[in-house]
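Two complexes, one shared chain (chain A), two partners (chain B, chain C).
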Partner chain A sequence: MVQVPVDEEGIVDLDILEILIDKDTVLVSIQLVNHEIGSIQPLREISRIVKEINPQTLIHTDAADAYCRIPINVEDLGVDMLTLSNHKILASKGAGALYVRNGVKVEKIIHGALSTQTLWLGVENVPSIVGFHKAAELVYRDFNKQVTYVKELRERLLNGILDEIQEVLVNGLLGEKRVVDNLNVSFLYVEGEAITIELSLNGIYVSSGSACTSRVLEPSHALLAIGRRHEEAHGSILFKLSRYHSPEDVEYTLKVLQESINRLRRISSIKPRRAKNVH
Partner chain B sequence: MVQVPVDEEGIVDLDILEILIDKDTVLVSIQLVNHEIGSIQPLREISRIVKEINPQTLIHTDAADAYCRIPINVEDLGVDMLTLSNHKILASKGAGALYVRNGVKVEKIIHGALSTQTLWLGVENVPSIVGFHKAAELVYRDFNKQVTYVKELRERLLNGILDEIQEVLVNGLLGEKRVVDNLNVSFLYVEGEAITIELSLNGIYVSSGSACTSRVLEPSHALLAIGRRHEEAHGSILFKLSRYHSPEDVEYTLKVLQESINRLRRISSIKPRRAKNVH
Partner chain C sequence: MSTRIPLPHSHKIIELFRNPKNMGYMDDASVKAIAGSPACGDMIAIYLKIDDGKETVVRASFESYGCAANIATASILTEMIKGLSLEEAWNISWKNVSDELGGLPSIKYHCGILAVGALRRAIREYYKSREVKSKWLPEKLTREELQALGEERIVELMYKRMGSE
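Presenting the complex of A and B:
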């Protein structure tokens, strides 16, 4: 397995990808939207490059953080497989979906008695499967409106942070190449963990670092991959917005956030190194 | 892999088990309670026999249908591993538990980025995990009372069926070796599938055949293993009772069941072969 590097905006380096693909490449798997910094990958172009060099190479995308946020068409994207997950679209945990293009054979991972099930084993989580359908339905009945609404909330949060708090780094791209519900910000000279605690005491739930590494207190590999230093990655906070948030929620978050960062910086032992906002 | 045969009451044949175990036996896996016919296996004796012949052989039990119904003590049972499942204890689907005795090493089945998780991969289903705890708590605060209550309901349902409906076969054991919430009955000359539909139209949900084979309309392998003929297995109905059922529910079920069986037998093309109840 080889990992393709990303640029400082978290976008897969297409030149290196092109060099890495050869006649032996079985599978390329790329997140359509990065879970941490929300970068939308140029998947259509990636598929084109890969298939041109080796048409046998299968392309899989983890679209969990893209679904219900950007339009997805498997034909357009040129992917052979695509995964989705309940908890990323505000449905209850316990189910997900795997799209497999006609003609692509996928093997069972788990084997056992339920020979009638082709890919997975065990009793299906029917309530979560129904929930998946319902959650998607609630988005797709007015997709554009919801996406615009969430984006406006995110922009207000972003601008509020940049206006009111000094010395922050926005992680990842701004503009059209960032998914609408994601905002990832490093607050310099403060531990991310401390911020999450302060905010949660005020009823605001955000995450720090990566869910993948939160149990070992390692900095997010996505943030290190885009060139953040360890201490910058450690102070990163991921905000996720949804149609269930209101403009008032955002104003409240900004208020609590400003107070928390000020307080934490006063008691912080980490010394300033940068002088102004970078984004 | 070798399957150990069971007797006509669904109990593992200990003499054959003893012959099958040798120095190369890695694992013995036996359900503590059979999911379909509720037979409680003599697991303590099985463990003793296995460990006497080969102390290195690991013993696993699927205790999903035993937990919250019979007392379970892993030391007493002599097992190295034990599995439980949410949906078998009236908790929401999506979680379960694996007990692993200290010193036993279990390998990951699924590998990937979340290196901090030792056995499984992915985002934990926290609501279902909390639900598991709550469901178990609700049983164990008055375990004996609940078990007795459920058993009384089951006995009333069983006796009602035997009194009011002719030509039924009770599948599995009666008495102390059958788990309290399980009743599995074959109604001769009627398709199980037809019964489930009739009952469900009246708000009563039961299953026919085995969940493992329900999609291919094959008869339950558990029922064939205890010597039932195909047509007997096809007419089998599994009733499961719980603390959420009332005596009135049981009387209502008996009434609907009697009417349904009578109606279905009048229109059935299957000819009688047996003359009386066998149990």
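Presenting the complex of A and C:
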């Protein structure tokens, strides 16, 4: 197995991909949208490159963070397999979906008494599957409206952070190549887990790519892959927005966030360079 | 203040995270020491004001770049050592600090170790700067000091590897 590197915006390096594909390549698997920094991969272009070099190579994409956020058409993307996950579209945990193009044979990896007909070992989690269907239905009845709404919330949150908080780094792309519900920002001189706890004490639930939250010494590999230094990754916060958030929620988050970052920076043993320049 | 997410921290840790005591830079510190590094995601600075004649801690303060447990640990340690002789302060272990906080979660033990490591570095540095040899100060680095050093070295190594790729 080889890994294809990404550029500083988190987009797969197509030149290297082209070099890596050969007659022995069985499978290429690329996330359609990265769950941490929201980069939308040029999957149609990737499929074209792969199939031109080796038409036998199968292409799989993990579209869990793309589904219900960007239009997905498996023919258009040129993929052979695609996976989705229930909990990524505001449904409960415990179900997923795998699209397999006609003609592609997939062998089950877990065998059991009940798995003679399907790829799944046991009995299906019916409530979760029904919830999955309903959640998708709720998005697709007015998809464009919801996407636009969530994007507006995200843009307000992004602009508010950039306007009101100094010394921040936006991780990943801005604009159309970023999925609408994702915002990932590093707040310098503070540690991410402290921010998540501070915000959760105020009813705001976010996650961080800091090493503390992953319980290992290394911070988020996705942030390191786009060239962030360890201390920048430690201060990263991932915000996810949905149609259930309101503009008031965003304003409240901005207010609490600004206070929290200011407070934690006062405690921090690393002081902003700007402050040093003053003295 | 409440959260719907169950946190593995004691009430006291959250309280000290929210309202840390002895926080901030000390202008007239007799000595300062740092343990950890920004790249580790954990860095504690300890400042001590020491009565040179009595060799006691008059005041202590801290700065912390780290998680909630890190901030709480540094804060409680500066409280615990106030008024103690340097020898008594030296003998405080990370376990004492953890007990005082109502128990650190196991994944946060290193926060206690780092705070004690920073304090011991400061005490060592104090004697070194005064060129005084203390009877009780061990020559060899203690476990807490070694742990802080280890964490710093691992990150240094990781950076070197990243640079050489």
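General observations
One rule holds in what follows: the second predicted complex is superposed on the first by the 261 of 279 C-alpha atoms of A that agree within 3 Å, B and C clash if a C-alpha of one lies under 4 Å from a C-alpha of the other, contacts with A are read in each partner's own complex, and residues count from 1 in each chain.
To be clear about the criterion, a residue touches a chain if its C-beta (ideal position, glycine included) is under 8 Å from a C-beta of that chain, and two chains touch if they have at least 3 such contacts.
The structure presented is a predicted model; accordingly, all values stated were derived computationally and were not measured.
Judged by the touch definition given at the top, the superposed model places A:Ile89 against neither chain B nor chain C.
When the shared chain is aligned, chain C comes close enough to touch A:Gly203, but chain B does not. More residues of chain A lie in touch with C than with the remaining chain of the pair chain B and chain C.
Of the two partner chains placed by superposition, only chain C is touched by A:Ile267; chain B is not. Looking at the shared chain after the overlay, A:Ile110 reaches chain B, while chain C stays out of its contact range. Legend: residue contacts after superposition of the two complexes on their common chain; A:Leu77 is shown touching neither chain B nor chain C.
When the shared chain is aligned, no partner comes close enough to touch A:Leu169: not chain B, not chain C. After overlaying the two complexes on the shared chain, residue contacts for A:Ser128 are found with chain B alone; chain C is out of touch. Overlap of the chain B and chain C interfaces on chain A: residues 211-212, 215. On the chain B side of its complex with chain A, the touching residues are 85, 87, 92-94, 109-110, 113-117, 123, 125-128, 211-216. On chain C, the positions that touch chain A within their shared complex are 1-5, 7, 9, 14, 17-18, 20, 23-24, 34, 38-45, 62-68, 70-71, 107, 154-155, 158-159, 162.
Across the interface of their complex, chain C is touched by residues 189-194, 197-198, 200-203, 205, 210-212, 215, 217-219, 224, 229-231, 234, 266-270 of chain A.
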